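Both complexes below contain subunit A, partnered by subunit B and then by subunit C.
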Partner chain A sequence: MATGASRADRTRGRLLVAPPFLFALLLLAVPLTVIVLFSFWSQDFLTLDRTFTLANYREALTDPLYRQLLFRSVWIAATVTAVTVILAYPVAYFLSFHVPPASKGLWLFLITIPFWTSYLIRVFLWKVILGFNGVLNTTLETLGLIDAPLSWVLYNATSVVITLAHAFAPFAILPIFVALERIDRSLIEASRDLGESRLTTFLRVTLPLSMGGIVAAILIVFIPTVGDYITPRLVGGPDGLMIANMIQTQFLRLNNAPMGAALSVLAMLSVGFVAAIVVLGLRRVAGLGR
Partner chain B sequence: MKRPIVELRDIHKNFDGEQALDDLSLDIAEGEFFSLLGPSGCGKTTLLRTIAGFEQPERGTLTLDGKPMEGVQANRRPTNMVFQSYAIFPHLDVARNVGFGLRRSRLSASEKSNAVEEALQMVGLGGFGKRAAHALSGGQRQRVALARALILKPRVLLLDEPMSALDRKLRETMQDELRRLQRQVGITFILVTHDQEEALIMSDRIAVMFDGRIAQVAAPGELYLRPASRRVAQFIGMMSFLPARLRGREIEVDGFGRTDVSERQAPGGLKDGPAEVGIRPEMMSLLSEPPSQGQRAASGRVSEVTYYGDMSYYAVMLDGTDRTVTVSMKNLPGGVTAERGEAVTVSWDPGSLMIF
Partner chain C sequence: MLRGYVLTYLVFLYAPIVLLPIFAFNDSTVIAFPLTGFTTRWFEALPATPELVRSVRTSLSIAVSASILATLLGLCAARVNARYAFPGRAAVLGFVMLPLILPEILVAVSLLVVLLTLGVQLNALTVVLGHTLICMPFAIAILNGAFGNLDPAIEEAAIDLGCSRWQAFRMVTLPLIAPGIISSLLIGFTISLDEFIIAFFLTGSDPTLPVYLWAQLRFPARLPIVMALGTLLVALSVILLCGAEWVRRRGMRRSGRRDAGGFFA
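Our next item is the complex of A and B:
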């Protein structure tokens, strides 16, 4: 009888997960398999050669152009992540520790306001701010602080970093905020009581206990930024282009889907690799709060 | 009395206009096991947190070990606290929790680990150092919190309802152990509790608090036998109250009749007019035979019996009144018992009446 009941439970469980499972299969597993398959094929002008080959990977890993784009993507994403998380932490901390509980909801709401406009519009906005005749340059010129417009603020890696950091800030603030909210305040008092100052309490208690939120923030920012396409395209200029731009070029302009697929797989692998290091590394740090 | 180690003078604290501590003054002697006892919300935790340095009073002074504490942060005070939630650091193992406060000491690494092991042994957790914080039971968490505070040898140890999260048996064990530990280390303990039984069992002295004020400070026996007010009497132990009228030294009590009383039975003094008389359950008994010569007795009817194993409580409605008194009787073999609804005679001792 017990087994009968548990079998019924299991059936019901399967029925419950079936729709999301099919959804995930259709939208995630199938495209992923197709991409991986493509990366081992080759393109001969207009025909697709379906014989297995590693040529795409060989080319991707030896051609300095691809390598440079891949490294730059990881590098820009890492910088964006660092900038975003370092700026997000104090905001999340302030929200959690210094905003009265009654107004926390309002503050969170204000933080999400930028999301009411589309990502594309926000990127254009930065173009307007950072451009040659943009808000930043005209303001500085009017104030007499500079003679000629600054050229290093747009169409390079810096502008990509600024734009992406802004776009992803709320994604970083929220998980850190949640982690800080979950810290039992009596732990912080206990640390003060045991002789630690505000600063050492932060380092020994608050920071290690919010590490879960930091790891989440890092992954949430890093993973999508490595493959970001719009921002480098619009504000990146030639020095700010990233791997996604090349993947797009391969697929749509050069009509070389297998090469694009190989680059996609490599980009995914590097993201996975870096993410794994971050997760394992920071877990370690969190355990060493001694 | 030795010089007080904790001196509180006219302490005032309010939260958004709500008075949590109201002109409170208190001295606590060195080496005492002192309890703050009162109903929930009376300000016990606030008082403890004021001593620890987590709340700043708007007015009044606090002196610890002869030093004024104004502007001294919690991490610089000679106190340590056992939090109600125990506040065990979840990211650290037991040894690192206990040794947390030793970082700033000048001990070497091996001296520190010896001190940690010693502290763990003191609370009966020898060898538990490597245990993860989340793998501890409620009682073990409390012991870790205790070891973590005691390892720093504070002048005053503050305990905020440390037993409230434990089940009854464990609570009794921990009460014994805490008392033993206090005698062993000789540190001043200040225990916050809302459980009058716990306060009576453990303390050298008890401060009873109501509404942010101290109602009475006394040793357990005195508190029980000589409560300073009706409210204290009602809070500590069980007491029955009867309306009465006082004229000079003579009092007429509803259901009991007339008797002479003395000045020391009336904490507020003997004032002619209506009064209230309180009496403890063990100061009365149910009689099996008519009262002897000179014995005072009243008749009534049992309205409720509460069985406690070793003893029973009888609520007796006194004849000619609408008041009940509660009488306790040991359940001795062949002793007096009564059923609900039975007519009984209650003997009482005039000297044990309290007049409010």
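Our next item is the complex of A and C:
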């Protein structure tokens, strides 16, 4: 950053940042404001009633259908996040501490390749794997491990969790890997020299120092999963549907934009709320560990 | 034990991708085991499906436009981040990263409502605008890295030696950040090509490839063709990624940096 910037420099900076700023203002801030406005209006068949009302929110929070979808979205996203981050941590640890520096790039490449293929097709393939006559059931039957196909693996919340845990794997591995790479290795040596065991060194040095990466991974996985549309529609069945499916139905099928807007605002608020808890909570945990 | 776990995890990561070519070459309309025989007819059917060809063309033009627009906007923001200071800079630069932390469905519905209220006809251009918005934070992040690798003294030297500001930027800075620009274009292209929900909401009469595929998933007879297409897409993205990685490594060598690993490290 330039120090002692002149007035001309400040003007130049402002002019240069104007295009991206105006773009985000017009295509993000304005539309989000409009959504918030809509959520306080109501739809009377084909006409939009612009009088202020809280009816949409009242309905969203009292109608068991909406409440359940909201709760389920947050709950599924939280489960996906926990599963993904816990499964990803050892992989990131292995990459950072056990892979020789020269082949780290190759390993990262290996981990990201599956995720540059169409998300839609990947989710569909999980349906093929988990289905009644799917790859998993056929294999288990051939091996003689089960007699009849397992029916609990597709069209419910479990299949949504499995599919999303796969879809977001690299988004959890990469930030944790980056955080682990930044740890000064001499701190770990020092801890061992001072008599800590491998396990206590990990718990008291490595884990707290990688907390920044864990928080990033949690947010990166949690935020998009709350609003995921494809996975619940393809593998969720009736019990795995999430809030995004309902938002889409309200806007495009029922033509009830105000209700859809209210659900969108609630989804946004739950994302913000959980994100705040995660950031504040884990920062405290990391603080205590030190 | 850790190595064993990592290998199991890799199997989990690759499980769906491995199935793709298997079913693409399988001579059956049913996507299930046992396999029935080898065929290439699903691949041959690809160019003979006009709606598919059209959706690929729509997707490609949207992805090219969105990645170029996002990279241009990203260049402005990243340049400001690297070079200029003014009150409120941090807030503005934080604000333009906001699309990154919003679920895409919210971006999609809010844009849809505004466009419909304004009476704008939905078409490929509206999808381009939406995709540019979500690609922009990625472009900024990548270009911030490219500018960060750069010593500002080089550009100052060029100006001291008589270049105008624009000449110094175009002839000195631009070639040095070229690998970052190419990475940003490729990442934006890939994100846009694969994006479904925004395209689903904002597309007009010309569906993008993912929107077309989504409609096809309801017709079981069309699925093997989808598998063949998926196989081609995997091959294409691996080639693109290898290209991007090669360019990035060359850029690293040119600016004399040690290789830190990959795109994200």
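Just so it is clear, the second predicted complex is superposed on the first by the 284 of 290 C-alpha atoms of A that agree within 3 Å, B and C clash if a C-alpha of one lies under 4 Å from a C-alpha of the other, contacts with A are read in each partner's own complex, and residues count from 1 in each chain.
We adopt the following convention: a residue touches a chain if its C-beta (ideal position, glycine included) is under 8 Å from a C-beta of that chain, and two chains touch if they have at least 3 such contacts.
As the structure is a computational prediction, the values presented were derived from the model and not from experiment.
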* If you stack the two complexes on chain A, which partner ends up touching A:P114: first (subunit B), second (subunit C), both, or neither? -> second
* To do: Between subunit B and subunit C, pick out the one touching the greater number of residues of subunit A.
  => C
* To do: Scan A:F251 for contacts with subunit B and subunit C and give back first, second, both or neither.
  => second
* To do: In the overlay, answer first, second, both or neither for which of subunit B and subunit C A:D239 touches.
  => neither
* Give one of first, second, both or neither to describe whether A:K104 is in contact with subunit B, with subunit C, with both, or with none. => second
* To do: Based on the superposed arrangement, let me know which partner A:E59 touches: subunit B (first), subunit C (second), both, or neither?
  => neither
* **First (subunit B), second (subunit C), both or neither touched by A:D49** => neither
* Considering only the touch criterion stated at the top, classify A:L194 as touching first (subunit B), second (subunit C), both, or neither. => first
* Asked: Where on subunit A does subunit B make contact in their complex?
  -> 184, 186-187, 189-197, 200, 204-205, 208-209, 286-287, 289-290
* To do: Under the touch definition given earlier, write down the residues of subunit B that touch subunit A in their complex.
  => 52-54, 73-75, 79-81, 83-85, 87, 89-92, 96, 100-101, 103-104, 148-149, 152
* Structure fact -> Counting only contacts in the complex, subunit C reaches subunit A at residues 2-3, 5-6, 9-10, 12-17, 19-20, 23, 31-34, 72-74, 76-77, 79-80, 82-86, 89, 92-93, 95-96, 98-99, 101-107, 109-114, 117, 129-130, 132-133, 136, 140, 152, 190, 194, 196-197, 200-201, 210, 213-214, 217, 226-227, 230, 233-234, 237-238, 240-241, 245, 259, 261-265
* Hey, which residues of subunit A end up touching subunit C in the complex? -> 1-3, 5, 9-10, 12-14, 16-21, 23-25, 27-32, 34-35, 38, 87, 90-91, 93-94, 98, 104-105, 108-114, 116-122, 124-126, 128-129, 131, 133-135, 138, 166, 169, 174, 177-178, 181, 219, 223-224, 226-230, 234, 244, 247-248, 251-252, 257, 260-261, 264, 267-268, 271, 275
